[in-house]
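Note that subunit A is present in both complexes that follow, paired respectively with subunit B and with subunit C.
On to the complex of A and B.
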């Protein structure tokens, strides 16, 4: 009762501004709706990957914008301006290396996020659309990796692009068009750099922002899937809201990933090779590590020749992506428990082992080349 | 038939109150309780399970299964254990509900009830966010500042020969080219211009005030002295108002000619003094020397425009 006798606190100017905006846009309702989303079965570390991805992307945008303050996308200045960022500009080496390692972290987190959704059976009805938009986002992340790789215009950049575009060239019917479209001509040069630059800094970020917004909207519309086992009563008893426990887990995850990316930037900062020329010299062309398994696949004898190459470079990865896209529509059983979905579990393990083995063998192969 | 909020609630024997709210189960999306506000006393809200409704007589009235003595045994509504559906996002919940007017309540999950560490989590979340953002602030600022403060270039440039100037007390333009190296770009040749006046002693005095003008470098070291009695005066080609390029023009009011800036119509006389217009200071005199052969050399100095004081930029 004593409390009520105390004078009512006058709102401070900041609270007044908040009040003013709230009255007009319903800020507090929006905040409450965002924060108070019930998570069936309670918050978990496993649910943090999506938020971490968003966090990494935001920092990629920030570091990317900063790099553009100095970077010039022309064949006679791209290499020099990148070297200038690394060697002359204060903390330039760090921001560039952060951006570089951030892209790897993004790919790792995409794999973790997709695996979690797959193993939890969260792509099933009513969440098919979230899964489909997620696959598009996966493609965009890979596109970021591929286009960004060319921008420093060193030997590594140039040759990864040459090989990557040659692979796309083998797409039936439209391959030649796509390859010429990306190269901006018959051979890689200034037009290629301009196109990759625009795709990397304008097209893909816009696409990613739009689709990520749609992804989150669809997610909130369907609600979180929750764990794959437990009775409704058990889930209800463990349910909590997005804030504070899940946000706490998310932000601890973000901080961890941030520290790892920073450490990698310190331990292994980006070093450019020689400026790009159409003569590889002693350099053995190789794509970024997350494309290595595909690269290695194409060294196999069975994927030699025109048909084999088409199978290895286009048909198999394409069929795999198509399979993932139709997965929620062919796998319509409501069972989500991964331990009661043996085909899904074995399939996931197979894919992971395949990627690991081929990535590893590509790394071993380096020794034979040197 | 669906009762309205504010519908009367009767027990088997008499009216006990009105429906004031409904409570919805967040998982099944079904109404689990109605909240009945007692008629008597202080208007206590009681939570009545939905199964206790025997009949819905009309939109305005429902009948409960129990007698009025038992009604008091229903638990009081603990409002802080619930949130309204405006404060929580439950997918498709609102599609199921047609409750007007008033609050539809959803029970707060057990784990969210009286969370003692809510504030702690909140603070820690902000603290970690700050720990991520703060260490980046300084490097980012330094990164952006790299090309902003260049040391002055105090090299001498030849701009032409004084023999070209045939008349005293008029502005004569000399164009010159100089190398310019910026960041990672290769050195470029850029064209600049200065204005030189062959001054009569009166004009010399108007410019210098009878005193030598000293020019200093980055660390305050003396670079050059323009002698007070030197007949040749060089003006920077940049208008001290807002940095445009000005010209020497004869006008109706000034048939002998004046320096005229076309941007904001600042006028300067042959000594560089402001005659008219918005310029805050006279034209900037350059460090200049003329050798025995009449070759003019200058240091390419530029000052900040728009202020009374001369602050060197280049």
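On to the complex of A and C.
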């Protein structure tokens, strides 16, 4: 009698599903390409910022959509619907607070990512376009913060917007148009709220998705810059692959940021002030924390008066952004080592100290306002 | 390798490896209405942190030893190094805290008196914002300098404590890539999807646990918030009142019906009279037709 033999290596149902998908979309090729991408010079914690940013943005979209199920973008209902989200919707307080702190985390991560690219000299040829698109993305993230801040329609939101729009109004030529377009009337009202809402949930997400896609495409085209020290041979000898070391660092980075945002949502959740009115009362208008340094700068006597305010609020920040935009085209030396670029290193330290000192000063300054 | 560099190379990734795991516990404690920075919550977090730190330190120190120092350490690196680091840090960190806070205090008071005398004597027009920034820069520079020096001292100590483990380790041959593959092969499964699925699965489980503990309503209610119902108003039903009102309605309806009947009665009488009058009227107006 012939013995029946069991076929070996017969795929199980799960493997069959994987095979089915792979045959149609090339799953295994995508996986191999992504996981086994070489990282010249080895993996680094500093390379995790880009992945973390993408992760935060995805969660901002998810929490934002959930909030939109309840939020009403009208001056009659914006405040009440936000209070409803905080007090009546199950877990609404947590979702709103997560979304609020997530926006701050995005700003911090964009700043960290830009600093890393600057210090590593990764904006230099052939990565100039990646840098420029990155700057545009920085502007979009700031735009998200500015437009989202008005939506709860409380005193803090209203007056931060009034201050922000007044600053924009000081821009030469286009300032008046931008201010009128954003406000939609002489004072912030329904038109302002509608416009900020549409920009926040439609225009900026679309722009960010498009530009982030372009950013990643350009990055993959140019390849990772790698460390700023070492010869090509040394870097090749130290090459890691995305899996396991870089993906581990990315996962740890994402988990850390996610957990920090969740903890902040618990410890400092969003609590609204009184509903927005055109009378500030006892409230001292203040922008979001990441604009505090600029706000404090404008309190200095040197920036007093119409011209001083224009210089502090528009001319200096505008010139700084313009300088960042042309940086790859004026700094054409191939040297990337930050310790051999003393001007860049000192400049970066100066900017960091300036932001830190003026933000802290703005916090201390609150005691002197009453 | 210098003691400071070795201390930094091991302690930096150790912190980032252990930190998110400790954060998971801290967040679960927060969700379970327990503060991780005081009382039982703090004690529990401290207790959980010990094995996490031992594991993270062993993992990161061994990675530095193999990758950077080209040596394979003796078994038990994590616990042995952790005990030394923990004892040293338990003494060094409180000392650093005292030095930094004392240094900052002295710098603040000296700065304040310098700036005040400057304002009173030389430049009375000094604004509040300028004064704040000036004082902050002055005492902040001193405090930052003291903090950096103390941290360098602490890192030096950590590196010095690690050096003896480096001396007792076996030397390794091969290129950096070969050594990295050897070390990765010892601890990481080669099946990429399996590993990533396991990570995702663990994350999903933790999210469910968190969601189960998370309070559904805010633990920080607004002082003046009063819920205003947006749904239809519910009215209380009082049977006696309803019956009375129904009686009233019925009585009213009866009156209306009666009135209508009366009107109808009057109307039909009128129409009868009208019908009898019509032929007479027609007869009375024959010339008009013609």
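The rule is simple: the second predicted complex is superposed on the first by the 361 of 370 C-alpha atoms of A that agree within 3 Å, B and C clash if a C-alpha of one lies under 4 Å from a C-alpha of the other, contacts with A are read in each partner's own complex, and residues count from 1 in each chain.
Going forward, a residue touches a chain if its C-beta (ideal position, glycine included) is under 8 Å from a C-beta of that chain, and two chains touch if they have at least 3 such contacts.
The model shown is predicted, which means the values in this text are computed figures rather than measured ones.
The superposed arrangement places subunit B and subunit C in clashing positions on subunit A.
Of the two partner chains placed around the shared chain by superposition, subunit B and subunit C are both touched by A:88.
Once chain A of one complex is fitted onto chain A of the other, the partner contacts of A:251 extend to both subunit B and subunit C. Once the two complexes are laid over each other on the shared chain, residue contacts for A:358 go to subunit C alone; subunit B is not touched. Within the superposed three-chain model, A:272 lies in touch with subunit C and out of touch with subunit B [touch as defined at top]. Of the two partner chains placed around the shared chain by superposition, subunit B and subunit C are both touched by A:237. Once the two complexes are overlaid on the shared chain, A:263 sits against subunit C while remaining clear of subunit B.
Using the contact criterion defined above for the overlaid structures, shared-chain residue A:45 touches subunit C, although it does not reach subunit B. In the superposed model, A:80 lies in contact with both subunit B and subunit C.
Within subunit A, the residues touched by subunit B in the first complex and by subunit C in the second are 42, 80, 83-84, 88, 90-92, 94, 237-240, 243-245, 247, 251-252, 255. The residues of subunit A lying in touch with subunit C in their complex are 31, 35, 42, 45, 80, 83-84, 86-88, 90-94, 237-240, 243-245, 247, 251-252, 255-256, 259-260, 262-263, 266-267, 269, 271-272, 274, 296, 299-301, 357-358, 360-361, 364-365, 368. Subunit A meets subunit B in the complex at residues 29, 32-34, 36-38, 40, 42, 62, 66, 69-70, 72, 77, 80-81, 83-84, 88-92, 94-95, 220-223, 232, 235-241, 243-245, 247-248, 251-252, 254-255, 258. Every residue of subunit B that touches subunit A in the complex is listed here, in rising order: 26-27, 83, 86-92, 109-112, 115, 117-118, 121-122, 124-125, 128-129, 131-132, 136, 139-140, 142-146, 183-185. Of all the residues in subunit C, the ones that touch subunit A in their complex are 12-13, 16-17, 19-20, 23-24, 26-27, 30-31, 125, 127-130, 132-133, 136-137, 140, 175-177, 180, 184, 188, 192-193, 195-196, 199, 203, 210-211, 214, 216-222, 224-225, 227-228, 230.
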